[in-house]
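Below are two complexes that have subunit A in common, paired first with subunit B and then with subunit C.
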Partner chain A sequence: MDAVLIFQSLISGIMMGMVYALLGVGFSLTWGVMHVINISHGAFGLLGAYAAYSLLQYFGVDPVASAAMSVPVLFLMACGLYQLLIRPISRAKNVVMASMILTFGLAIILENIMALIWKADPRVLTPTYSSGALIVGPFYFQYPHLVGFGLSLVGITVLYLFLKKTYTGMAVRAAWQQPEAARLYGVNLFQISMITFALAVSTAGAGGICLALLNSFEPHSHNLWLIYLFLVVIVGGVGNVIGTALAGLIIGVITGLSMAFLPFQWVNLVTFGLLMVFLIFRPHGIFKQEGV
Partner chain B sequence: MLSVENLTVCYGQMKALRDVSIEISAGQMVALIGANGSGKTTLLNAISGLVPIEEGKITWEEQSLKGLPPDKVCSKGIIQVPEGRKLFPAMTVEENLMMGAYHPNVRKQVQESLQKVFSTFPRLADRRRQFAGSLSGGEQQMVALGRALMAKPRLLMLDEPSLGLSPKAAAEIFDIIRGLNKEGMTILLVSQEVMQTLAITTYGYVLENGDLVLQDDCKCLQEDPKVKTSYLGM
Partner chain C sequence: MMKVQRSNVFSWLVIAAIICSFTLMAPAVGFSAGKPIVIGGSLPLTGAYAETGQWIEKGLRFWAEEINSKGGLLGRPVEFKIYDDQSDVGKAVTFAEKAITVDKVDLLFGGYPGTAARAVMPVAEKHRFVYVSMGGHMKSFEQGYTYSFGAPPLMGEWWYEGFFQWLATVPADKRPKRAAVYTINNPVGLSLMDSINRWTKKLNIEIVINEKYNAPLTDATALIVKAKQSKCDILFANGFFPDGVTTMKAAKALGYNPKAIVQGIGSVVPAWVKELGRDGDYVFSGTCLSGQLKYPGNDKLNAYIKKTYNLNEYPLYFGFGYSWMQTLEQAVAGAKVLDQTKIRDWLKTNKVNTIAGPMTFDKRGLPEPINFGTQIINGKVELISPKNIQTKEPVYPKPAWEK
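So, the complex of A and B:
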């Protein structure tokens, strides 16, 4: 095997993995903190991607700027959705199941709205630098991939610092680890759940834009993204931000290597096979520590 | 300061508390004793707002607490140290303590409060960067107490603070509780360590299957034949 090819696919795997990680952290947080498995998480990512597509197409807005704009917009939208849809099901006997059915419906609605507005044709984000590449010796890094990677890294770092350094972030972790004690010390669970959900949806939007810089997308792409989300969260451990980030990288590298060395049709088999192996042997993830 | 009148709490069809009334005045240390499942924890949780009230009143300084969610009850200075400590296991000792001062009313003084807690529990200062889940039972109880002190309690409700601790660690915790009360803190102490509890409290209530069966000065309770046979094994 060719060392250059291995290294090259390793690098692109890491870049892709970082994007999976950004998409995955929010999915992991809503799951861990609120016991809501948000099936529409990928669809919100796709919504971000389409918004960036239109902003670029019609107004020449760079995807990085779109990502920055989409975060507050999606945050507010998600606050409203939480109050309208998610909060009422927190009284359900089985929140996990109720949330999956509810957000599955939401995903279908979002998918069809996107098909209505943007049609079913595959789209690509093509900023001005899309054909450029950074060439270092025998390796080349496409600019959109570098931008997607960089944006994801920033997104995850910001989210991590928020959870680690702010009082609200601490309350999110506390509510996940020990909700009753958190309430006894002044945490309003509804408020924290709303913030968690809104953060998750807005990071999904940013993640979707990053992923759109790497791959083409169409209204049903979120279904495939969702499988990756499950994989990343299950490998990384539910509610664990650092674990999710590392899992994203690992899965990115595995996908990158299998893309380089296996026939195309085997790549998804490897990923889904990995998901099954994890569900059977290590359903709690590879990392021990939880809740960060 | 706090009065509970004719309180009834239900879990579905089952009545966990029936017509219970208790009274705590400022500076007092009151004991709540009873066997497992007698409703002690339910009473604390009803005061804290964690479980809904079926009937009756809970009044704190002339204001009703009925229907208030736990974060609102906490803002009044009514702080519970829950049974089994319920620390945030994957957060450090320092973060656990800081969560005690989460409420905006007390958050401004968080650094001062931290110093105070560390001077009360020097061992926690050494372990401030460790995860709470990695500490021993006695140390965890100190974190739980410290977290409550961070909230600047006006009424401190302790649910089984010595459960699962070695006799030495339990004695240490009871000493600290007595010290807090001497400094003027109002305390409601729930415990199965009936002898130790009655020795440091002034007034006591005895719960049995959700009913309040006995109440008296602790000196009298210690001599009460029913208490002696049921709880002290004499």
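So, the complex of A and C:
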């Protein structure tokens, strides 16, 4: 087996996996902290991708800058959506089920809004570096992969530090691990849930932009992205930021190695076979310990 | 007395004028009073295939507008009853059943995509309704259906015929020698292999890599590295738009520049040139319809599209919708009744003239293979083969990637 092919596939796989991790980390948080399975998470990612597309087309804004800009915008938007839609369902008997149904509807609404604004045509995010590569010896590091990987790494690190080092972040963790005790200590669970939801949506936006650097997208692409969201969250463990990042890397390595060693048509079989294995043997994910 | 006679003459003249004017108005009155011919079915107006479905609908409606302005079909106006199947094959089948059994439509129109058309074909056969559509590639026309016709059909098996016919004209020493073939693992992708297998043998091109992949293709790095390392000088990327884009981007990033890149369905989608820009240039593919063809009707459609949508050429699927209805129109006019079996029999034995050219149908409901080789040149889909329809000389071998 050719070493260049193995290494090249591995690099691409790892970089891709990290992007899935950024897209998935917010999905994991809302699921873990709020018990909300946000089916519209990928649609918010797609919204970020479309916003970056328009900013690049009409104002020449680089997707990296768009990712930075999308975070506060989506954060505020998500706060409003939380108050309007998510908070009322926290009183439901079965929050998980109610949230899935609600956010499924939200995803369809978002998809139709995106189709109205940007039409159903497929789009490609093409900054000047979109098909360039950094060449090191026999290896090619594709710029979109590098940028996506770098942005994802920064995004996940910032989120991790926020949850680990700030008071609000610790409150989010407390609300996830011991909600009743957190309430007794004066943590406003609704406020924390709103912040969690907003954080999740804003990371989705940034993740969507990273993914759009690698693949074309259409208004219904979020359905496909959702599959990978479940994959990283189930492998990484619900509500676990580090687990999600690691899951992204593991999935990337497995995909990369499969592409190098197996016929291409087996790649998805192997990747999603992994999901089955985890669901059977480690339903809690890589780490036994729950949380950040 | 004279006065009375004069007034009588005047009265008779008035009555005669009124009768004459009624006589002159008669066809119009008869037309507007005639029961409309209802043409039913479904299209993906929302969901994954909405963009294409909406263009087909525009093509159908343009045809209806045109025929109604000419006095209708069999002297009756036509109207559509179009359901939105939301890009769901199951719903397309349900709506076809509903159109026939509940709405009791007079005619069926063709649906989209191929999977939906393939699923509606047995429904049309069961109810003995003529179904003119693009079909779902060769297998769908080999099921023994007698009421289904492709006019033109979208046939993966024929997709690269035009390209290969042109390649055969290239001197043997200048042709590619080693091919990398990557095919999306679905009926459409696999149908493209038919012409590749036949022609590569004929042209002595060795297939060095022949691999299938399942959608989604999120990364094409390994595909391109393999092709590059195997020194393949022709790449067949047999897929759709998303995987086509992923492959092209990886090819450029990894500095892989074979003599020719042949791409399946994605490169004839308008978004290809719009989104990929110069990186989408020089890709070969095929088509069975184009606004650049010189067959009667194309100019008229292009003029309408220019005026209404400010596009230089009608989109492929606008043309498909129009062409299917042109075929059905000629069959109904030829049969002179709305009897489905008579319409079918007329189609089996007569020639129709469409914007895709004249067609006669075999017992499968297929015309002679229709395919025109295409290449993207300077951001435009150009027809390169056969020679008589060529709009531009093909660019070969592929120039280096632009920095």
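By our rule, the second predicted complex is superposed on the first by the 284 of 292 C-alpha atoms of A that agree within 3 Å, B and C clash if a C-alpha of one lies under 4 Å from a C-alpha of the other, contacts with A are read in each partner's own complex, and residues count from 1 in each chain.
We adopt the following convention: a residue touches a chain if its C-beta (ideal position, glycine included) is under 8 Å from a C-beta of that chain, and two chains touch if they have at least 3 such contacts.
Everything quoted here is computed from the prediction, not taken from an experiment.
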Side-by-side fit of subunit B and subunit C on subunit A, or clash: fit
Which partner, subunit B or subunit C, touches more subunit A residues: C
Partner chain in contact with A:Pro144 - subunit B first, subunit C second, else both or neither: second
Cα-centre angle that subunit B and subunit C span when viewed from subunit A, reported as a multiple of 10 degrees: 150
Subunit B versus subunit C as contact partner of A:Asn188, first or second or both or neither: first
Partner chain in contact with A:His220 - subunit B first, subunit C second, else both or neither: second
Partner chain in contact with A:Ala174 - subunit B first, subunit C second, else both or neither: first
First, second, both or neither for A:Phe162, with subunit B first and subunit C second: neither
Contacts of A:Ala260 with subunit B and subunit C, given as first, second, both or neither: second
Subunit C versus subunit B - closest C-alpha approach in the superposed model, Å: 36
Residues on subunit B engaged by subunit A in the complex (per definition of touch): 48, 50, 69-71, 74-75, 79-80, 82, 86-91, 95, 98-100, 102-103, 107, 131, 147, 151
Touching residues (chain side subunit A, partner subunit C) in the complex: 2, 4-5, 8-9, 11-13, 16, 112, 115, 119-124, 126, 130-133, 135, 140, 142-144, 214-216, 218, 220, 224, 255-256, 259-260, 263-265, 267-269
Residues on subunit A engaged by subunit B in the complex (per definition of touch): 167, 170-171, 173-174, 177-178, 180-188, 289-292
Interface residues, subunit C side, partner subunit A - complex: 46-48, 50-51, 54, 182, 185, 211-214, 216, 218-219, 221-223, 225-226, 229, 241-242, 245-246, 248-250, 252-255, 269-271, 274-277, 279, 401
